[in-house]
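The same chain A turns up in both complexes below, where it pairs with chain B and then with chain C.
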Partner chain A sequence: MSIFIVSKISIRFGHMRYVKENRERRKRTSYLPWRSAEVCENIKEELGKPYTQVIPKSTVKRISETNPIQHSLSDIGKFYTISEEHKKKYFQLNGFPKDFSEQTTIFNENAIMIRKPALEIIEYLKNADYTKLPIKYVISMHLHKYGRKEANISETRNGLVDLPLEGALLLKHFQLQNETLLNKLNLKTTKEYVWNQRESTKVGEPLMALVNHGLNRVRYSCDCIHGLINELKNAAINGQIKFLVAIGGFNSFYAGKTMIRMDEKYGTTTDQISIFQSFLSTLQNDWCNGAIIMTVCESTTLPKYRGSPLPFFLLRREGFETLDPFIPIQVSKLSELEFHSLLDYYEDRRWLQKIGARDELEFISCRIPAELSRYCATL
Partner chain B sequence: MPLQKIIRNFRHILNKRSYSQYAKSFIRPIIKESDIQNITESKKINVLKNLNVKPPQNWESSSILNEVVLLKFTNYIMRDGKREIALTQLKKALEIIKKIQVEQYNKTTDEEERKQIILDPIRIVKQAVANCQPLLKLCPIRRGGSVYQVPVPISDTESVFRAMKWIVESSKEKEGPTPFALKLAHELLDASKNKGRVIKKKIELHRICEANRAYAHFRWG
Partner chain C sequence: MNCIEHENISGEFRVFDVRSNKRKHAHVQEKYTRPPANPPREKIMPTDQDWPSVWPGPRTFHPASVPLTVRQGMDKNQKIAPPSKYANAELMKIPNFLHLTPPAVKRHCDAIKKFCTPWPNELDTDENINKHFPLKIITNDYCYSSPKIRDPKARVVTFKFPLSAMTLNNHAEDKIKRLLGERFNQETGEVTLVTDRCPMRRQNYDYNMYLLVALYYESMNVEEWEAEKQEEDMEYYDWEKNPSKKAYIALKYWPKPVDEIKIDEISLENDEKAQNYKEAVTDLFNKGETTHNLFKYKEAVLKIVNDEFQNLDVGNMCQ
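Right after this comes the complex of A and B.
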């Protein structure tokens, strides 16, 4: 034991001699600091200088044309703004993704970059033959999610579950978007709807009465949606209107499990939800004068169904067969032009504080927009 | 002195490993690109040319995402060695700070007011830490059978440690179900403006040190 200690000390002394010899050399390199000293020095160095805001070098490419129908392929990568009036009218309750609506308040404007998939759909819609069956377009994006909600058993349709609050929100969204159009067209109900012994909507009443009933009596909102969709389908067949159905996160219809609690159990599946069933009725090939646009995204399904952005993987066999045939539209990653114009916009709005690191950002994010915004959030 | 006590006094010498992968003559690498540019232009390059250089550590890189202060700050947020969770919390806090500042910037129309807003979140973190640094600390010292709280000057590194620890502690203390990142963000913003509970804590410590000024000579007793 004693021998061991002595040997250790001798090594130590030897080391001290070595340090003495190299003391001069170590003095010279002492400005290279160790970790905690490095932090102190870093803070002092930064705060020694007065703060100046970063000024962007390049300007944003903007376009004054706000109507997306007028945009052409040469406008890809440019930004157009939606006015506050239009935003209030069309996107008050729903429509924008959560992240985007958060950014509009930060940037103090509603700017959208023109990209290829949107132009592609608009061109298809312009040139389609509306006398034939509705064409289905599937995009990979997402808009809506559902979680734990209030739920009731449906009285009119057996074995189905109503989501009254969700239904009322959907009706309100429909009302805000289409009120002026419906008043102008003067559509009327073709069927009598009996809600209970006292309340009913008779034949020949305006279509807005059906929507208002769903909003006033939230309990019947899901049945109102079912009636409304059937009425609109009939009007489209008669040629009174052109009917566009837009569904975000369509693959959530086939997710299977839900977090809805009925009788203190989590047993309900997505097939049992009445709103989904009434939307599925629009996919049947029994009407014309319309189109269906839907998006498919990984984040709307359960974690076990994630892993690939392709439609067959997300919709699974059941969903794919109900949709087939459809036109798939891929939202690819940003091109080099789009990438630079997006970063220009971030710098203009002072969201990106570190200028001159574009090569690294491009390398890390692989020009995937979600990844890019995640990295830019802290810089 | 008993043998046990002697060994305890020299333990730091005995247990210390006296070997290294690299000799003492090796210097640490210079990592930041701006530092390299500055050194190559100055005369220091003549000294550094002939020295051996160690490879960089695992956590060191010249990336824009790498910031020394943030790496240090995560150590105090971290629990049970879960560094990734701590880092994500800190990044969320930075994002919240930036959201508040950028929104304020875009909504003000006056040019002079605009220029005063600090937009860089890392600058705000540094400012907050610098404002919270204490100048003194209290050390319990036994003299004549009773313990006195003696004010003692503090080193730079320790004062930075105190400041960071206080900010993290006070953001954990706050009531309500608000998430940690949000609390941390508001605590940092307050501290950067010389407000908030951490600054209060610092002022109170200085006040006690001022009151115990009479015991200061016990430090050398």
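Right after this comes the complex of A and C.
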């Protein structure tokens, strides 16, 4: 006898006689009022298939092409999947927002919907003139937060604060993403880095030595990042590499206050953080063969600086003048097509167990993806 | 002892009647009857009477003087009609305009007509009036039927005028705006000066006049410390003096380092892209960040960064 599972079980005692009397009639319908092996067997024989709750399987629009460069405007709203191998290589430590990485484990795949802003940036990157200064793209969204961190006073750069553990994480992330590429390109250091009396990185050593030093001697990780960024900028100017800088929640750099505790006091400002200063050097107009992609988002900054998702408001004058000129790219709410595509995907992944009510969902979520995901979580 | 003889004397002893004594001396109170009231004046008013003579000035409502069957107020349960005009406090509370009937106004105008001059033909439209007489002086008069006719609020004098009515140079305009502070309305460009510090209206008027003159000449003065004005203190964004121009020149003259270029000496008046970009950035700073201004900025940046970006499929992102 085969065992099969019924998704909804109704237990009603004293029901047996009713069932027996109406068994013949009941057999002809797909409705199952009583779960007994005998009844189920009968129905199974009659219908030729086991009973399950009938959910019409929605067809998710997927695209087999996993290389985003090949996507076009006609693919908007379709899903493509990042393979587990690529995820391990590029996004093992960092890169995916927390909400998204949670969803990847729930859905058991790393599916991303193709949307217009991404296509726009890719198109710009493809057509950019790399002999000129790097173009800055600012996307309005994303997250990045400074919490309570372990901090040291920088020994090499006066008045700055190092975040050694954060620096090491960043270096590890860089190593995972770029190790094979760097080994292939065979980049060398152009400057001698003296860490202390005994330790130093000499001229002509591979760039990976700098990264490894930061990882092994976490104390120097922030200085290693500074050196690494300068080396990469030099390599980009010489045309050896193309250098892409991606910063999430850039407006948090101008939040001012941090939760970093130095000498038992809070009061370290964001511009005192050495990693921030290192990244600011990539924004200077003195290198080429590269591009800078940044996101700005309300949630990354202090409540007093929230109120509008537009970049000029979030960056404020200081940030705007650092970036200017940049290309603002708006991530708008979902289009009708994208909205239905996303709901199809949720239904396919059984995230959304009740079908229908799409008009209502559209109304209450305003087609904002985060809101939609929140409302769908309970359905 | 007060005693009187009784009329019916029986025997040789007189009877002392205490009660009758009292009755005789009791004061008989006369019953007061109210004199009959005259019928209300309204009943005997002729229909062709001269109303402005009956009600010549502002006055609290009087039911007998007004030959109208007005009613005012409301029954709590709404079961009876609104109370009539007699002994109706509601009618007395509200101000009335019974003295301003059309014949009264006409008579008044006719009386003062001899003091008026004809209206100038040039002041035919509101625009012309505002142009030639930009200053509005606002005061309030308060009428009372009480013994005291003064009201402290009557002393307040308000001056209103558009700032554009003053001939000011750039420096003076900026300075007068700072001096005026919240008295200057950014949206309408109107200045409002309210004075109530002196006890009399005339004094407040004179003080306001003094303020006008003082503001004008103070804004024209250039003090020594004004030379210390920094870029952050500027009331408007000047692209030529800001890092944005430096960034544009760095982009234009790359790979020549910006530090070697004398930015002040470079004129970009013939550079159409630069002018476009300058306008977009200036708008962002001066007019505020709107989606329209941001899109304008994006288009300008796309042009200066790479000409081809305009022709891409995805280039037009205005939505």
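Heads up, the rule we're going with is that the second predicted complex is superposed on the first by the 322 of 379 C-alpha atoms of A that agree within 3 Å, B and C clash if a C-alpha of one lies under 4 Å from a C-alpha of the other, contacts with A are read in each partner's own complex, and residues count from 1 in each chain.
Methods note: contacts are C-beta pairs under 8 Å (C-beta built on N, C-alpha and C of every residue); 3 or more make two chains touch, one makes a residue touch a chain.
Computed from a predicted structure; not experimentally measured.
Novice: Quick check on the superposed pair: does A:L310 touch chain B, chain C, both, or neither? Answer first, second, both or neither.
Specialist: The answer is second: A:L310 touches chain C but not chain B.
Novice: In the superposed arrangement, does A:E360 touch chain B (first), chain C (second), both or neither?
Specialist: Touch partner of A:E360: chain B, not chain C.
Novice: Per the contact definition in the header, classify A:R219: touching chain B only (first), chain C only (second), both, or neither.
Specialist: Neither chain B nor chain C is touched by A:R219.
Novice: Just checking: does A:D129 make contact with chain B only, chain C only, both, or neither of them? Give me first, second, both or neither.
Specialist: A:D129 contacts chain C only, not chain B.
Novice: Mind telling me which of the two, chain B or chain C, contacts the most residues of chain A?
Specialist: B
Novice: Is A:A377 in contact with chain B, with chain C, with both, or with neither (first, second, both, neither)?
Specialist: So A:A377 only meets chain B here.
Novice: Under the stated touch criterion, which partner chain does A:I106 make contact with: chain B (first), chain C (second), both, or neither?
Specialist: After superposing on A, A:I106 lies in contact with chain B but is clear of chain C.
Novice: Contacts for A:R350 in the overlay, against chain B (first) and chain C (second): which applies, first, second, both or neither?
Specialist: A:R350: touches chain B, not chain C.
Novice: Based on the superposed arrangement, let me know which partner A:S332 touches: chain B (first), chain C (second), both, or neither?
Specialist: second
Novice: For chain A, give the residues common to its interface with chain B and its interface with chain C.
Specialist: Chain A residues touching both partners: none found.
Novice: Under the touch definition given earlier, write down the residues of chain A that touch chain B in their complex.
Specialist: Touch residues, chain A against chain B: 5, 8-9, 11-12, 15, 18-19, 22, 25-26, 28-29, 32, 35-40, 42-44, 46-47, 51, 53-54, 102, 105-108, 349-351, 353-354, 357, 360-361, 364, 375, 377-379.
Novice: In their shared complex, at which residues does chain C touch chain A?
Specialist: Its residues touching chain A are 242-244, 247-248, 250-251, 254-255, 257-258, 277, 281, 284, 289, 291, 294, 297-298, 301-302, 304-306, 308-309, 312-315, 317, 319.
Novice: Can you list the residues on chain B that touch chain A in the complex?
Specialist: So the residues of chain B in touch with chain A come to 13-14, 16, 18, 24-25, 27-28, 30, 47, 51, 63-65, 68-69, 72, 91, 94-95, 98-99, 102-103, 105-107, 115, 117-121, 123, 126-127, 129-130, 156-157, 160-161.
Novice: Could you pull out which chain A residues touch chain C in their complex?
Specialist: Spelled out, the residues of chain A in touch with chain C are 73, 116, 119-120, 123-124, 127-129, 132-133, 135, 285-286, 288, 308, 310-313, 320-321, 324-330, 332.
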